[in-house]
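Every chain is named by a letter (A, B, C and D) in the order it is written, and numbering of its residues begins at 1.
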Amino acid sequence: MDIVVIVLTVIALLFFFATTVGLLRFPDFYSRMHAAGKGDTLSSLVILLALVLYNFHEINLANLLVAMKILLIAVFIFMASPTATHAIIDAGYESGIKPWAKNPEEESP
Amino acid sequence: MQSIISSYNYWIYILLMMIGLYAMLAKNNLVKKVIGMSIFQTAIIVFYVSTGAKEHATIPIIAHGHGAVEAAVDVAHYANPLPHVLMLTAIVVSVGTLGVALAICLGIHRRYNSLEEDEIQEQL
Amino acid sequence: MDSFFIGTGVALCLLMLLTLHRAIHGPTAIDRIMGVNVIGTKTTILLVIIGTIYHRVDMFIDIALAYALLNFIVTIAASRYFQQHKNLNPKGYGYRFPAEDD
Amino acid sequence: MIWQLDLSILTLIVICAFATIMVKDLLSAAIIFGAYSFLMCLLWTEMGAVDVAFTEASVGAGVSTVLFFAAVHQTTRRVRTRKSGRMLAKVFALMAALLTGLVLIIAETDFPGFASPFTPASLHLSPYYITQSLHDTNVPNIVTSVLADYRGFDTMFETAVIFTAGLAVIAILRRYKRDDRCDLPEPYVISEGYPDTIIRFIARQLAPFIQLFALYVVAHGHHSPGGGFQGGVILGASFILLAISYDSRMIIGIMSERLNILLGNIGVLIYAGIGFLCLLLGANFLDYSVLSKVLPATDKIMARSHGMLGIEIGVAIAVMAIVISIYLNIISHGKYDKG
């Protein structure tokens, strides 16, 4: 069981790392948001799954409640995080950030 | 190493307090001053909570409290709850002070159309 | 297993440091909001991890749940600000103060 | 406490504080201050202060950052920088800060080490609380029992302070007439916020969950972190979420100004009323053990537990009303119309 937990956690950390690299290295706002929104949601789901498995070492009511609550966190992250991403992107688009283009001359609106 | 760990929290609270004090004194903008005040408050809270921390201690909620009252509760096993109580109310009061401070800023901006200290003083 | 989780926590803190670079140096304010949003998600995870280290997850989970619910509000508030102001330009804030002595 | 996490979080906090002070834009400062509050919450969790962390979580994420946004929204973002002048003030401020730091560092050498179990703060009174709390009140969460029972007076006046803050904000900002004497030109151009269906839908779905969770926090504060303050702030934050995603007119429709003020009063009065009820039943003010005379099927210890629950409910109602009132006043500049 521990091995599964460790593997899941390491995968999640890799995703978090990828998110951070994307957040730092991508050239414009929209692509950065793309990295942040998707990578963060997925990696938090994976790491929460790992924590559920770790805390569910024996089956009783208290552990079941804890597992339910952690899964509830995952559900709320799944509801809230994409909406927040949408709101930020929308605000950025409304306020007129131009998408990045490789050659700024041939950029089309 | 041991000495660094044993006093790191206190250094940080001193540093935060200096930052907050500097912002309150030197910044020209009123909202910046309010932020400095908040940082000052959190510095004090860091200090209090740091005095309550104990090594190898768990959170101040007695485990398995539903059943019969256990006879012996080991004091060294639980963190000191008293600073937590004081600081809990301090945080909520800090929201109140923040609200009042921002309201005063809004009132000043309504009247003088500026948030900068020296511009307001010129208009006085 | 505890030391593994402590290591995970420290790694998350390091990633937070990198994210904080975006939150502090972000070219526009909206990049900063993005950075803070990511930091908020990491905070939620880290709270559960700290609970696991303390072996009292049932006590820590409520805080993480509160964060998962409330982290959203900050982002929505900030994005509403931009929808109403439509002004991201780092120079010359506001319409009434066109390029003053900045 | 876990020292590895302690060191890294504290370093992050100092970076955040510097950045908040140094950044040249009020909105960005407010955003970074939000990150600062997240890190503070982590720090307190890591030091074992779960109730403090819970309060910081609800306050920092739900209310204080949003209040900063609202204030910046109503005024201006710019921080004017000047090349000359104010040098003297800066030097003076730096001197004052350094002097304070020096004095505190000198004092710091006398402190006992961090996380030592033998600090004077945890030798005199707190062992009593830790050992006797469960026995006296049947409440496992020591923080709740100390907050609501042993130090009940203290908490009552804290609630009164919150109430006074709400009154002060109303007194400063509220404008009843449509146009008061100094109506400035609005400092920005408002584009009419178009209806964003996705955000509204999600906010509408999430708000009942947040309110349910807040009620759980209030009611379950005896056994887990939480209590009246946290639950009240989260309840207020749910209304703030609705006000942000829809319009503050909708919130005023649900929760009119009169009702809001009334709820704030009722909350404080519940607290004081329970205290006076104890007085009427022949005990000291806020001594809940006599409540066993009026509550059915309770002994003295359970009566203290139930009395705490009663005052937590009062605190939650008062804090909720005051938070909503402060937010509405700041966002609409005291006019209760837009925002």
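Descriptive notes on the structure:
Just so we're on the same page, contacts are C-beta pairs under 8 Å (C-beta built on N, C-alpha and C of every residue); 3 or more make two chains touch, one makes a residue touch a chain.
All figures in this text were calculated on a predicted structure; none of them were measured in a lab.
Chains B-D form the pair joined by the most contacting C-beta pairs.
Seen from the Cα centre of subunit B, the chain whose own Cα centre is farthest off is A. A straight line joining the Cα centres of subunit A and subunit C is 12 Å long.
With centres taken as mean Cα positions, subunit C sits 19 Å from subunit B. As a whole-number value, the distance joining the C-alpha centres of subunit A and subunit D reads 28 Å.
Contacts with at least two other chains are made by residues 33, 35, 54, 58-59, 62, 65, 69, 71-72, 76, 78, 80-81, 83, 85-87 of subunit C. Counting only residues that touch two or more partner chains, subunit D has 48, 50, 70, 72, 76, 80, 82, 187, 196, 199, 206, 209, 224-225.
Touching two or more other chains at once are residues 76, 80, 83, 87, 90 of subunit A. Every pair of chains in contact is given here: A-C, A-D, B-C, B-D, C-D. Put simply, subunit D touches subunit C in their complex at residues 2, 4-5, 8-9, 11-12, 15-16, 19, 23, 25, 27-28, 31-32, 34-35, 38-39, 41-42, 45-46, 48, 50, 53-54, 57-58, 61-62, 65-66, 69-70, 72-73, 76-78, 80-83, 185, 187-191, 193, 196, 199, 203, 206, 209-210, 213, 217, 224-226, 230, 234, 237, 240-241, 244-245. Listed in rising order, the residues of subunit B touching subunit C in the complex are 58-59, 61, 63. The touching residues of subunit C, when paired with subunit B in their complex, are 54-56, 59.
Residues of subunit D that touch subunit A in their complex: 196, 198-199, 202, 205-206, 209.
The residues of subunit A lying in touch with subunit D in their complex are 76, 79-80, 83, 86-87, 90.
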